[in-house]
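Written below as structure tokens is the structure these notes are about.
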Amino acid sequence: MNAHGKNRQMTAPIETAAGPAQPMILNMGPQHPSTHGVLRVVLELDGEIVRKARPVIGYLHTGIEKSCESKTYSQAITLTDRIDYLAPLSNNLGYCLAVEKLLGLEVPKRAQYIRVLLTELTRIASHLVWLGTHAIDLGAMSVFLYSFREREEIMKIFEFVAGQRMMTSYFRIGGLALEPPPGWLDRVRRVVESMPGHVDEYEDLLTRNRIWMARTQGVGVLSAADAIAMGVSGPMLRGSGIAHDTRKAFPYSSYDEFDFQIPTQTAGDCYARYLVRIAEIRESVKIVRQAMEKVPAEGPIRAEAPGIVPPSREEMKTSIEGLIYHFKIFTEGFVPPPGEVYQVIESPRGELGVFVASDGSPKPYRVKFRTPSFVNLQSLPRLCEGRLIADVVACIGTTDIVLGEVDR
Amino acid sequence: MESQENDRNPAVEKLRAWDAEAVAEVITFRGETTVVVPVRHLRAAAEFLASEPSLRYSFLSDITTVDRFPLEPRFEVNYHLLALERKDRLRLKVMVPGNDPALPTVIPVWPTANWHERENFDLFGIRFEGHPDLTRIVLPDDWEGHPLRKDYPVEGYR
Amino acid sequence: MEFISQHPVLVAAVVKVVVLLFVVMTALAYLTWLERKVVAHIQSRWGPYYVGAHGLLQPLADGIKFLFKEDVTPPASDRLIYLLAPFLALSLALTALGLIPFGPPGVRFPNGQPVFIVSDVSIGLLFLFAITSLGVYGVALAGWSSNSKYPLLGALRSSAQMISYEVSLTVSVVGVLLLAGTLNFNHIIEGQRGYWHWLRIVPHWYIVPQIVGFLCYLTAAIAETNRVPFDLPEAETELVAGFHTEYSSFKFAMFFMAEYANMITVSCLATILFFGGWLSPFPDRWTWQLYLPGAGLLALGVYCAYDSVTEMRGLARLQLSVVTLLALGGGALCLLPGVAPVIQGPFWFTAKVLGFLFFYIWIRGTLPRFRYDQLMSFGWKLLLPVSLANLVLTAAWFAWGWVRG
Amino acid sequence: MIFPAILFFVCALLAIVGAVMVILAREPIHSALALILVMMSLAVLYLLLGAEFIAAVQILVYAGAIMILFVTVIMVINAGVEERTDFSKIAKFAGLPLGFFLLLETAHWLYHSAIGAAIANGPGAHAEAFSTRELSTELFRRYLLPFEATSILILIAVLGALVLARKDE
Amino acid sequence: MSVIPISYYLVLSAVLFGLGVVAFVFKRNVITVFMSVELMLNAVNLAFVAFARAHGQVDGLAYVFFVIVVAAAEAAVGLAIVVMLAQNRESLNVERMNSLKF
């Protein structure tokens, strides 16, 4: 019941609720068109001005970290897909790299390049979803459908390569799940060739659009110092002028062999973050192009690590060691040494950290996902307090949260 | 096994030079350095690491807990730090006893710790003293128990 | 029979109102179809497709769905006003259309009543503005009576928005009124007959001297009708659905229809004021234009015939055949020498109005939405001064007698 | 022509009912709606009296602008149900009958005065509808000074409203 | 009855004015009090138009025009004051507004 409803039903002699301005509490979410899932933001309004914003999360908490503890290392991969459902391969990669680090395992170059290629495609797909939803939040409807059209092509590549559109679980500990089917690179090429043109199209619709600029420039400003203090990462950090990218700072999976820029903007507002993400799509296209050059046509896609990485199908059928290892891996799992590692990758949303603690058993003792959305969302009140309701929408949009990742 | 060697990590050296008692133990594993800090030194050590000009661990990536039930001290709270300029990571580890687990908050040092601490409070029941709003974050407010503890039944309490 | 012969005005009015309501309701339904189709094609998708050929029965399906949906009235709402609001919105929107002349007054029934004009008021424009200015009540009362926060915010926004833009809307057409020297729609249209003397091929439409006023009018009209990029009262990503968040079923449909009716009204008004209403853009000596409507319909019929041949689904095929027959028959009818001149006025009027409607839909597929404060400052700080300047310049033009038509 | 008579009585009845509703309604928004009803009926009466322009202005300005302001303000400040307080007994037992008597007397006087017998509508009515052109000529010739004065008044009112509504921060 | 004398309009005007006075006296909420003033103005307008009709002159209409304009100005300022009152005081009851300052 809201303020005037209460008055209407009270029989006490109250003739008006007018009084020294009581703030109006507005529940934005958990069901709301622009909270991207089940985020709930409790807004304290003075007219249309947001005095206080408090994000309330947990509506999608599924206890993935707890579930990981009761699965073997390999089984837990499927759970990681569900964390950030817009960038499942990034999560796969982060987790696999963490376990590989724990094991001290080196992945063959071919698998590394394919991993880079696919995660960059994931980044493009994720940014496309962000662009579309952000644009529709601000009322630009067509961009949403354009970007989903292109994303669909990328999803088709995932389906072609991994057999699944979204929950791919394609990266495995020590390499990849399957040999990519022949002709897959042609598909990738087709998407990559057309992508810059499509990005130009989006930019035509938005970048110099006066309304778009008015809606995003100077909105949700996060200074560089604030960005660091709030621990935001990814495009949000780079939009505030800090050129930090895990792919450059702590290269993993051979990212050091690729040539790409870290796009940054200094304004720290929604427009800056928009520009950064658009530039990132272009950079990712560059990386995918290089990866296509680098990927050898032939070669192993899994590390040579008997007892950890399952042997190939043929080996399993022909050699007794292969059969035994296969059986042991899929019944008991493998045993890494006790210890703790924290592996960081640059997911589309920012710094995805995977902390894995092993106690020397076949199941991880503790897995923690440091998800960028969770931390980035924390900065939301700073972005939108003192501004209008419409800006809250813009701010949520450029924070680019995925609720699966926030709540885990 | 976790190797326990005296690393040449400059951060550890500086921390030790600043206050020898702040470094209880240094663990290096797979190239990651972990400094075990006693609870009472945590806040000061955090401030030092964040503000010392040659270190500048200004970015707190994560706070996470490992429950070593039934060992004591039961909880290991890990702080993952990042020095943006130097591109260096460091893990602070604090051992917290199982009965009445409590820690000083690091929000004044790293404001981002707010939600991380709430999450650890929610899932492990570790209190962060001085936290402005220590409430459950992902679970409902009336939830019983702390699910990521090892003695929490997987089926739940109810 | 005696009654009919004794009260020609009354009978003609009733007939015209009934026909107008029927036509407008159908037009509203197919306007939603058009909008969905055009926006879909802008966004590289198909739009309505499955219900009938080209989704032509989609409006019908929507209507049936609206009728059978559960009609929820929030328990804490102000019942009377909650019920009143959608009726108010729709009835005002439809009333406004009754003032529009859809064709020349010269075309008359046997009893001497004009066919295409429901009511010929001497100050028609003023009345139209009076009626549309009441449209705010539907929105404001809906938002208030729902007793919910999003609708309330939407209602507050829209009352502020509609009041603000009404000022610019009114001021922007005063230039035309100065040119026409009358408030009567027919006289305004008649004033646009002929050609500008300095350029014989440009019709004497008021858009030529009043281009600034037209642009102001267009902008203000989009804002008045709550369309993108000024659709803040119902900004779905901010206020869920704005003032009609709590409305369901047919009451929701009524708001929907009111919005589209308002779109039609402002398009009609733009056509009348700036584009010569039912006047043809071509000179009268070009007699072939008499057959344009018929030719258009025949072309549509041929296209539908082709389409029905290629259509795979049986029912859709049947439906397309019906449309084909209707179009061909209508086309043939329009070519008859007795009918062709009569149909000229409504044909050009409809064509112009459709152009505006298409423009509206096009904008919707292209632009993002303004923010509330930007909308307000745009209205007061840019639109109003510009339309005022336009008015002053036009007045000066007259005062010093630079040009007279 | 019985039509104007029917219209007159319907509208008069609606106006009176509306005015009574203004008094009886407990919620300000209902009062406002009743008042709008009064204004709309009056607009129709103006039409009957041949004052088209005034009718349009009545709807445009009164119902379309002023009452919208009222409604908006009621919504903004969230005015709830009205409190009923006792008022003086004199007002109740002397004032009301006296007022009613006064009304009757006025009506009686009006009905029997010379001017009242003039016919407003139908055959025998004074003239055709007022022309808007005539009214505007009158406004801009004879009443030019008051006209300009009112425009300045409006300006002052707008400024005053702005000053009042501005929050001092 | 085929014609309507002016007096009918005048009587209606008087009745409406009387009701406006009653509303003005009886209503307690500042906004409704304000509305009753508008009601009285409307009643007066009706009388003006009726008289204009009776005399066949447009002066009455001019007066109505001015009344409406002044009413608009009055509403703008008056409602601004009401909003101020609502923000600064607990109540909108006119009986409690017995001090100019607080």
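The first chain written gets the first letter, and so on, giving A, B, C, D and E; residue counts start at 1 in each chain.
Everything below uses one rule, namely that a contact is a pair of C-beta atoms (placed from the backbone, for glycine too) under 8 Å apart; a residue touches a chain by one contact, two chains touch by 3 or more.
Owing to the predicted nature of the structure, the values given are computational and were not obtained by experimental measurement.
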item	value
Middle chain, criterion being Cα centroid separation	C
Identity of the chain that, by mean CA position, is farthest from chain D	B
Most widely separated chain from chain E, with each centre as the mean of CA atoms	B
Whole-Å gap separating chain A and chain D, where each centre is the average of the chain's CA atoms	63
Chain centre separation (chain A, chain C; CA means) in Å	45
Inter-chain centre distance, chain B versus chain D - centres from mean C-alpha coordinates, in Å	73
CA centroid of chain D to CA centroid of chain E, Å	6
In chain E, residues with contacts to at least two other chains	28-29, 86-87, 91-93
Junction residues of chain D - those touching two or more other chains	27, 53, 57, 65, 69, 74, 76-77, 79, 82-84
Where chain C touches two or more other chains at once, by residue number	78, 152
Contact footprint of chain A on chain B as seen in their complex	1-2, 29-30, 32, 34, 58-62, 64, 66-67, 78, 80, 84, 87, 89, 91, 110-112, 114-116, 119, 123, 136-140, 147-148, 154
Residues on chain D engaged by chain C in the complex (per definition of touch)	27, 29-30, 33, 36, 52-53, 56-57, 59-60, 63-65, 68-69, 71-72, 74-76, 129, 131-132
Chain D-touching residues of chain C, taken from the complex the two chains share	78, 80-81, 84, 121-123, 126-127, 129-131, 133-134, 136-137, 140-141, 143-144, 152, 155-156, 159-160, 163, 166, 183
Chain C residues touching chain A - in the complex, by the definition given at the top	39, 42-45, 76, 78, 147-150, 152-153, 157, 228-229, 231-232, 235-240, 364-374
Contact footprint of chain B on chain A as seen in their complex	57-58, 61, 63, 65-66, 70, 101-102, 104, 228-232, 242, 244, 249-250, 337-342, 344, 351, 353, 355, 357, 365-366, 368, 370, 374-375, 378, 407-408
